[in-house]
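Letters A, B, C and D mark the chains as written, and numbering starts fresh at 1 in each.
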Amino acid sequence: MTSFSGKKLTCVRSGRIVFTSLNFMISQGEVLYLKGPNGSGKSTLLRLMAGILRPSNGALTWNNNDIHDDEGLFRSRVHYVGHQDAIKAGLTVEENIRFWVEMNYCMKEKYSIQTALKVFSLDNLSTLPARFLSAGQRKRLNLARLSATYAPLWLLDEPTNSLDSDSVRILSRAISDHQQNGGMVAIATHEDLDLKDNVLNLSEFTNLRAPPQGYNAW
Amino acid sequence: MPGKPLQVFISVIRRELLLAIRHGADSCMIVSFFLIVVILFLLGVGPEPGILSRISAGIIWVSALLSVMLSMDRLFQPDYEDGSLDLLILSSLPLELIVLAKIFSHWLTTGFPLIIISPLLALFLNMGTPGYSTLLIALVLGTPTLSLVGAIGAALILGARRSGVLLSVLILPLFIPIMIFGVSAVDAALTNVSSKPPLLMLGALLLTALVLCPWASAAALRQAAE
Amino acid sequence: MLDFLTSFMNMGGYGYYIWGAFGLSAFVLITLIIQSLKFLESSETQLHSLKEKEKNNET
Amino acid sequence: MFNYFANPFRFLRLTSKLQPITMLVALAAIGLGLFYALVESPPDYQQSETVRIMYVHVPAAWMAMFCYVTIACSSAVALIWRHMLANIIAKSTAPIGASFTFLALATGSLWGKPMWGAWWVWDARLTSMLILFFLYLGYIVLYNAFDDQSRGARAAAILSIVGVINIPIIKFSVDWWNTLHQPASVIKINGPTVHPSMLTPLMLMAVGYMALYFWLLFIRTRAELNINKVRKMLIQQTETH
């Protein structure tokens, strides 16, 4: 029963305390909703979970061993979808997704790129240079990475903005499929994807007046 | 099971070269800048062959330096702007090797064309014939070091205001040793003194840069993504 | 006394350079000291004014 | 040990005690040093009076090097243990180091005029000092080139470490360059043989400059910490309304 959890996480960004002593736990097959007003640190928490950011104190554990012990292993277990789509206009749709698949996994699962594009209904555009894609198509191409290669933990930062309604349906189906085969998802979104599992309300952790006394308070 | 590292390394290089070919204009721009700077020096100093041949090595090296430095900020800036930097940090290949791959492909698209065109410019500046071979060897050893050291500056200025000018203030002092040994190698060849010592020094600088620069650039990229 | 002063001042004909060097050093270091003290002063006044503002909109 | 000093409150209490002490030491040492330099010590047999410029030039050059190494060390501490205070110490050291480098250059050229007959001579030491001045400028410019202070601090910290690794390389390459292009006319003086009686003013001035550095460092660090506190309070005010 793999689980990904964070204990007493504190994050200070340029002198401002984003959140302090935050705990969360995601176990297999669960979705964690990050709720909270803008600027309450949803994106920061997701980047912290992905390992891009380091917490000022507190620890992130995967089956209660610290993720920073073996970062390479942890990175191979994570898919991170941020605000920006990481798509090169000069490359075609297929080349874009092929590159990100190669970056994480060996290429033996060639067929999975076609299925991933089919899942996100981009298969007819595979030879189109990415500069002609609309914002929604770019976001779907970015999301197609999720199902192209398997990674147990999905970290999705506002995946639904610039997506039309049936794309949102495609995404929620992909998430529930991922849950079925034992995946974990942490998602920050304002769209209700009727996948309510457990909700982490970030606003509880931001207005704690007592800043940590440590040297990082400055 | 993360991808085999060599495959991932090659796929980064392939993507960079693919992008460079798709936007073919960039490397031509660099080479034309290199030509123009040399011609500007020439017009400034005057066509008098005596003077030209003595300062030809210096002119070529300074122009090569400026061209490499000019092309540096396109190394990480596109990835920083479109969000690829986060995914590169999260890829299975360590960031240091990804940076090395990017620097190698950057050298292929900018340093290499400079080496190819430099004999023509040596001809313009009527450099002595013994100098040609040493100039090529020195540039082959020197331009990768320029790309490596320049990559640190390119990673440091991500997200800064006025990054173009800032890059030159940061990197040019670090380029000075490379230029000094490059020029002294060619001068030694012209005054038929053995040019082995400066070339060996260039080789030493290249090896140290090969080890230290990817590590420093990766550290700079990681803190840029924070 | 006077000729001691003049000979002291012209330093064997190199007076300009020596006094130039010492004068310039004094000038640069003193301006650095003054600027640092002013910087400290302005930072403290900003801090106090902010603390006052915070104190009286809490009362 | 670093954690103990890294807490800003302890650092502030410590410096408020040390600040007056360093000021007194600085004034006393420089005062005495000046007296010895200008009056007591004998003129050099070769350069006569101009050797007195050495008492201002050499300590400034030492301090220029010392400050850059201090910036690199405190930046390394800041990057490894993630202390913002070490960054602030590095940031406050930079302008002091830059002023000492400028002084070393200016007094060097003033010393060169009577001795070598030209205001600026591409002597190996002066050239590497000039490059060091550019490294300082690079650090200061990069530190302030970002809107987010902590981002600028980390970028400048990495630059200073890269810079300190490059200083010996630059020094070696400039010496090499200098021996290649050594114009015969410039008589190569590798500095006067330091006569014992010259040692006392030199050491006094060095101690004075060092104490002056620490005094200015404490002043500027306290000011930077205040500015940081002000910025934090402003940010918090924008949140609460």
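By our rule, contacts are C-beta pairs under 8 Å (C-beta built on N, C-alpha and C of every residue); 3 or more make two chains touch, one makes a residue touch a chain.
Because the structure is a prediction, the values reported are computed rather than measured.
**Q** From the centre of chain C, which other chain's Cα mean sits the farthest off?
**A** A
**Q** List the centre-to-centre spacing of chain B and chain C in whole Å, with centres computed as mean CA coordinates.
**A** 44
**Q** Quick one: chain C and chain D, Cα centre-to-centre, how many Å?
**A** 17
**Q** Calculate how many whole Å lie between the centre of chain B and the centre of chain D, each centre taken as the average of the chain's C-alpha atoms.
**A** That pair's centroid distance is 31 Å.
**Q** Once you find the CA centre of chain A and the CA centre of chain B, what distance in Å lies between them?
**A** For chain A versus chain B, the centre distance works out to 36 Å.
**Q** Give the residues of chain A that touch two or more other chains, as numbers and ranges in rising order.
**A** 54
**Q** Provide the list of chain C residues touching at least two other chains, using ranges where the numbers run on.
**A** Expected reply: no residues.
**Q** Send over the residues of chain B in touch with two or more other chains.
**A** Residues 226.
**Q** Show me, using the given definition of touch, all chain pairs that touch one another.
**A** Every touching chain pair, ordered by label, is A-B, A-D, B-D, C-D.
**Q** Which chain A residues qualify as touching chain D in the complex?
**A** That would be residues 13-16, 54, 56, 214-216, 218 of chain A.
**Q** Flag every residue of chain D that touches chain C in the complex, lowest number first.
**A** My answer: residues 34, 38-39, 43, 48-50, 52-53, 56-57, 60, 95-96, 99, 102-103, 106-107, 110-111, 113-114, 212, 216, 219-220, 222-224, 226-227, 229-230, 233-234, 237.
**Q** Touching residues of chain A toward chain B in the complex: what are they?
**A** Listed in rising order, the residues are 47, 50-54, 72, 75-76, 78, 80, 82-88, 90-91, 95, 99-100, 102-107.
**Q** Can you name the residues of chain C that touch chain D in the complex?
**A** 8, 11-14, 17-18, 20-22, 24-25, 28-29, 32-33, 36-37, 39-40, 42-44, 46-47, 50-51, 54
**Q** Of all residues in chain D, which touch chain A in the complex?
**A** The touching residues are 3, 6-8, 82-85, 148-151, 225, 228-229, 231-232, 235-236.
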